[in-house]
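Below you'll find the structures, each written out as structure tokens.
One chain, chain A, appears in both complexes that follow, with chain B as partner in the first and chain C in the second.
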Partner chain A sequence: MSDASVNVKKRQMMTADGIPLKRSLRISLRREKLRGLALLAVPALFVIMLFIWPIYTLFQKSIDDSFVNDVLPRTMAIYEKWDGEDLPGEVHFEAMFLDLTTAEKLEIGKVSTRMNYAKSGWKSLIKKSNRKFKKFDPQKALLPQMIKADKRWGDIEFWKSLGIMKDRRTAGYYWNAVDRTYDSKKNVIMQPENRRVYVMFWKRTLLVSAIVTVACLILAYPVAYLLATLPLRVSNLLMICVLMPFWTSLLVRIVAWMIMLQQQGVLNDSLVGLGIIAEENRLPLMYNFNGTLIVMTQVLLPFMILPLYSVMRGIPPTYMKAAQNLGATPSWAFLRVYMPQTVPGVGAGVILVFIVAVGYFITPELVGGKDGQMIGNQIAYHLRKSLNWGLASAMGVMLLVAILVLYWVYDKIVGIDNMRLG
Partner chain B sequence: MLKTYKTALAVLAVTASGAMASDLTVTSWGGGYTASQQKAYGEPWEANTGKSIHWENYNGGLGEVRTQVESGNVTWDIVDVLPDQIRTGCDEGLFIEIPDDILVPTADGKSMDEDLMVPRPNKCAVPQIWWSYQAFYNDGTFSGQQPDTMMDFFDVAKYPGKRGVHTWANAILEMALFADGVAKEDIYSTLETEAGADRAFAKLDTIKDHVVFWSAGAKPLELVSSGEVSMSLAYNGRVGGANLNDGTNFVSIWHGQVLEEEWLGIVSGSPNMDAALDFVAFASSPTAQAEQARWINYGPMRTSALDIISAGEPWFNTGVNILEHMPNREEVMGDSIVADPDWWADNGDELQERYQAWMGQ
Partner chain C sequence: MSEFHEMGFVEFSKVQKSYDGESLVVKDLNLSVGKGEFLTMLGPSGSGKTTCLMMLAGFETATHGEILLDSRPINNIPPHKRGIGMVFQNYALFPHMTVNENLSFPLEVRGQGKAEREANVKKALDMVQMSEFGHRRPAQLSGGQQQRIALARSLVFEPDLVLMDEPLGALDKQLREHMQFEIKHLHERLGVTVVYVTHDQSEALTMSDRIAVFDDGVIQQLASPNDLYERPENAFVAQFIGENNRIDAVVSEIHGDKVLVEYNNGGKGEALAVNCGDVGSKTTLSVRPERVRIGEKVGVNSIDAVVKELIYLGDHIRCRMDVMGNDEFVVKIPNSATSISMDVGEKTSVSWDVSDCRALDA
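Moving on, here comes the complex of A and B:
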């Protein structure tokens, strides 16, 4: 027996064309593997190009501050030599003059935009001075000439603000995003009270998302239960009712809510007409915090119903019957037997709704009015209007990290393996 | 790699926006404003040159322009921009400088720069219109004395009801100071000081509990017609346009309006440079500028265009006079504030944050 097995091992099996079977098999397996990898390459490339790379550049943009150093090399090189107390000496003025007169015009435009974030006024100071620089006599001392051209050159605050930009990497945008800023020595200080906005927006974003998620859960649970338990004929109809708004354009739904809820809208008119509320007490339901909550809840409801439904469909009705046969009251059986089995669906729905809600900005933009705006609106503003892409990127990264943290917490508490989308 | 990714994005953007093979892409604000540009500039230019224009809409801001220029994949040739954007855009090289010799002089030989009511901020700017932020209400909202000054807009005791206000700081701060009694020449020097800014926000505080905010130009009309607010700020062209075209009875309050410029810019690296230059030369000529006023009540920037209009009244396409709906006619200029975009370029970021904080309180 043992002899025979040794023999088999020694005698190599050959394929028809004389290649050892083992090698042939290996080649064909490798080819298979390569083909598999090639198929994977397309989605992998897709993910890298449209997901990983943008996030990487987003992160880059949020910490990059090399621009001022590139355009004003002489000024930044000797900046440290200034004591930060008195007006800088002639060398500093000379360096600034040389930097501004040798840099390309376009670079100066961009750099003045950046510097204006650090101190309001840099933009016009640089622009106006640059026009006058042409008439300067470079042989004479530049300090008095520059201050004569624009007295702001003698304002120490402008020179101090350069200190904020002296490093090539900055956490400044992140500090800005939480209402903090650097002083001229790069210590982190609070923004002046009347400019503190972003912490409020962060808090509100989390609050709105949390309320919307809870509201969705409360509304979606019974609907999903009905969908899963009613006879097919009825539940199909119900399903269409759930999906119809899902298929309708977001804007159409928002406008419909505006018509319904505004102060002169359908709901208020009816309430006044029925004498439930007085004409002057019309409810403010639109263009404020309430508006954002109501519309977002309706828009995001399907994201909660669908995962709940798919999980509930998989729960055999016999379990509930068995529990009741064993003596549980219907509500007890529901609480102890049915509900625990829906946790994976609840988890999926909650995560899905919360994550989508945190990044929302179209709905708050249209119905949020003054106190229903969220952090997404701020990101959009800085991307499109103020062009402060550094700050917008920093807020984007923070939003992303917040979601990842949330995901992690969820994994610790509920366990990601327990999440089922269907 | 960065470039590849951006190109890929740009390609996606092009396919998504469905830009077709046309000879020139002009991006503007949509609605009645784009329609007036199509009628006054687009159609005649297409007829003259045999070329076709693709019109795109956008929501303002230089975000898209900057992305296109930085990725080297420019799909917009001409963009209609606000005063601060033509300044930033020209400084940052997003727009090209227009050669002087293509700009059309007046019939009596004055150069365009001499003919303009406001000087061009830089050589990138091609004149378009003057427009304004103004207060307005629906006729019949108030009994007895009617509001007709900016002070009335801020007086919720005398003229009860909510107020529609936009969500950014421009114009509303000037209006607040003006309503508080600051002379229009001193508004920006006042606003620049800490005390002056406090004063403006203190004035805003007086209407704070009555404010409904809007951010899209059509919204204030809706708010006022539905009675949601009793008075609102709005773009003057929207208010006048509704009266002229849709027969509404809005009443404009010209007192304390804030005038803003509107320019065209040619995007650096525009793929149809020759056509773009030709188009902007045509669109800034006195006759074409006057022609735009047949379709919308925004004021032309060229004095000679105003002369053509007043000589040709009734000028509007429906056969009514248009000059009385213009924000920059002589009679109302005395009580009008001319916005200072250079000042806003310096102080805008800071005041915008403060305004946001005020809104969110």
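Moving on, here comes the complex of A and C:
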């Protein structure tokens, strides 16, 4: 610190009335500050309610495992007392019996579904037992009655599996999302061979997103260049052609692609009609991996064209002229002078397309067939069909983290400040 | 121009240019630029001067006619093979490259080795006194500094011809005047041929060996700054270069290089016959404000006038007067101890020598 600034610190500045200048300034700015904060509160509230809160609940859901504890309180309270080796004692059976007979029927259905993730068989065991519980004599020991009703109650593997669910927080859904699970001692192990699917879906999702992103870049670059260099009147017309599909319903576009690309579709018919391919060699372009790629590329193309166009529009044509004037051939000038200046647009387009592609699900659902499904379809499946919201949430959080990591990498390499979204 | 021995280093021969096939932007241009000359194309916007420059650089093709560089037709040579340096209006420094990279770009393209490139870049930066700024990016430089870098870049590969398209247009007045001298001195030192485009007449007068005044796609006059100001050949040039008083008149008699004219109010006067028609045709007389005398009624050219406005400008007083119904008649009175004092509304008379009054086209 220089001498001058030390001096300033010693001598406190005063206003003409003798109030310290700093306080006077603070008072005079307070009104403005308050007004600024009030205005800021509206969008801040909006962001919290519609963005931060849902993401927080999503995260909560993905690690929440309190359900079994809530529905089977007696069983879980004394669970620790069991040695985990021999068959549990009468108290445990009694607790289980009381829990299952006092809980609401709907809750039992839900909890049995959860328990079934830990060990398959729980659902049918509880369903079957619940019917027989009515005939039980509560005065007698419950252990033999329950084992008599269903001999699985005597299988300590079922009792062991309860241990996995005794904590109210779990990372289990995350392990499930990458084909791993807990054994009864809470060690992470691979899922059985026939239940390993998600790693494959993750890989395919990344692969599809990468291919779609690259394809979009290759297709969008020349279009954006043309848009940016043509006279405004022509380029506006072209822009409408680019945006028209963007405004059209996604379903309509997908159906159009179905008509184009299916086995008996326009493209295959034309190729066969022209004698380019034989009748029996019709190209499989729809309801498979290819279908997903083709349609997603078309759907996401505007997300690449628009940021590229906006960046290219801002590059004055004099740069290319200057480069040529300095002796560079037009192609060299393009490579060395024009393309580096489009990097912010390329970065924005790539990030945008990749992020949207990673979470895509309608298109793969409709045109992906069996081998064109992505992780988004799995999330939808668990949300709507299997109702395993924990797993769906975990997958959602993982997608979000993957995107944030991507963003971070981009920031390191190119710099977020360099990104121009349009 | 005898000082340029090799005339025709750059030659425009019957060059025409049209963008739409209906109107000509450049009409029948014939122009010869000597080696080492500083030639300025001056004119209002839309006069075709920039188009000429772009044709020379190769970014526009001539619709008709031929352009020769060092007696070699260059109409069909692409811009990157012409080897002409150019300073663009907004400098066009590549924003993603440092100053050093910008300067070595043309050298790289020409296949120079790293060491050679570095030496040349350093030399060019020294030339514009910017050697400490090699690692900056253009955005980190001020307008004047960018201008110097653009200048250095256009010269770094040692072209014989450098084109400048209003390079000082974006600078403030003081910096602009400073850069004018710097460019002029650089030109003198390097002996490079410069074709310079501007719409600023004082810039053109300061820097050029010769000035081509453009209007409406035609060179109105091609002459040295001195000639252009003292001896304009038509009414447009007289009006465009410097301040000018124009008086409408009709030719009544011609005597050799002198002409007798009659003013609209019936008064008579005498002028130099520069560019006027036959007896009876209309003409525009041109008199520079500093060549007009106030108060004395001597000689043939003497007219009554009324003082309308006086503006004190330090070194001179600018006096706006009403002369024969034209109240835009300006007289510059030098500020000296002997100068007469006047008041607004005062009736007086103005007069000028015959040699200071040129009869031009109407």
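Definition applied: the second predicted complex is superposed on the first by the 386 of 422 C-alpha atoms of A that agree within 3 Å, B and C clash if a C-alpha of one lies under 4 Å from a C-alpha of the other, contacts with A are read in each partner's own complex, and residues count from 1 in each chain.
Assume a residue touches a chain if its C-beta (ideal position, glycine included) is under 8 Å from a C-beta of that chain, and two chains touch if they have at least 3 such contacts.
Everything numeric in this text was worked out from a predicted model, so none of it was measured.
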Put chain B and chain C onto chain A via the superposition and say whether they clash or fit. fit
With the two complexes superposed on chain A, say which partner A:329 touches: chain B (first), chain C (second), both, or neither. second
Quick check for you: in the superposed arrangement, does A:180 touch first (chain B), second (chain C), both or neither? neither
Taking the CA centre of chain A as vertex, the centres of chain B and chain C subtend an angle, in steps of 10 degrees, of 130
Report the partner of chain A that touches more of its residues: chain B or chain C. B
Looking at A:318, would you say it contacts chain B, chain C, both, or neither? Reply first, second, both or neither. second
Just to confirm the value: shortest Cα separation between chain B and chain C in the superposed three-chain model, in whole Å. 46
Common interface residues of chain A - those touching chain B in one complex and chain C in the other: none
Could you pull out which chain A residues touch chain B in their complex? 49-50, 53-54, 57, 105-106, 108-110, 112-113, 116-117, 120-124, 127, 191, 194-197, 200-201, 204, 262-265, 287, 365-366, 369-371, 373, 378, 383-388
For the complex, which residues does chain C have touching chain A? 57-59, 78-86, 88-90, 92, 94-96, 105-106, 109-110, 153, 157
Flag every residue of chain A that touches chain C in the complex, lowest number first. 316, 318-319, 321-330, 332-333, 336-337, 340-341, 343
Which part of chain B faces chain A closely enough to touch in the complex? 1-2, 4-5, 8, 59-64, 66, 88, 90-93, 167-168, 201, 211-213, 215-216, 226-228, 342-343, 345-350, 352-354, 356-360
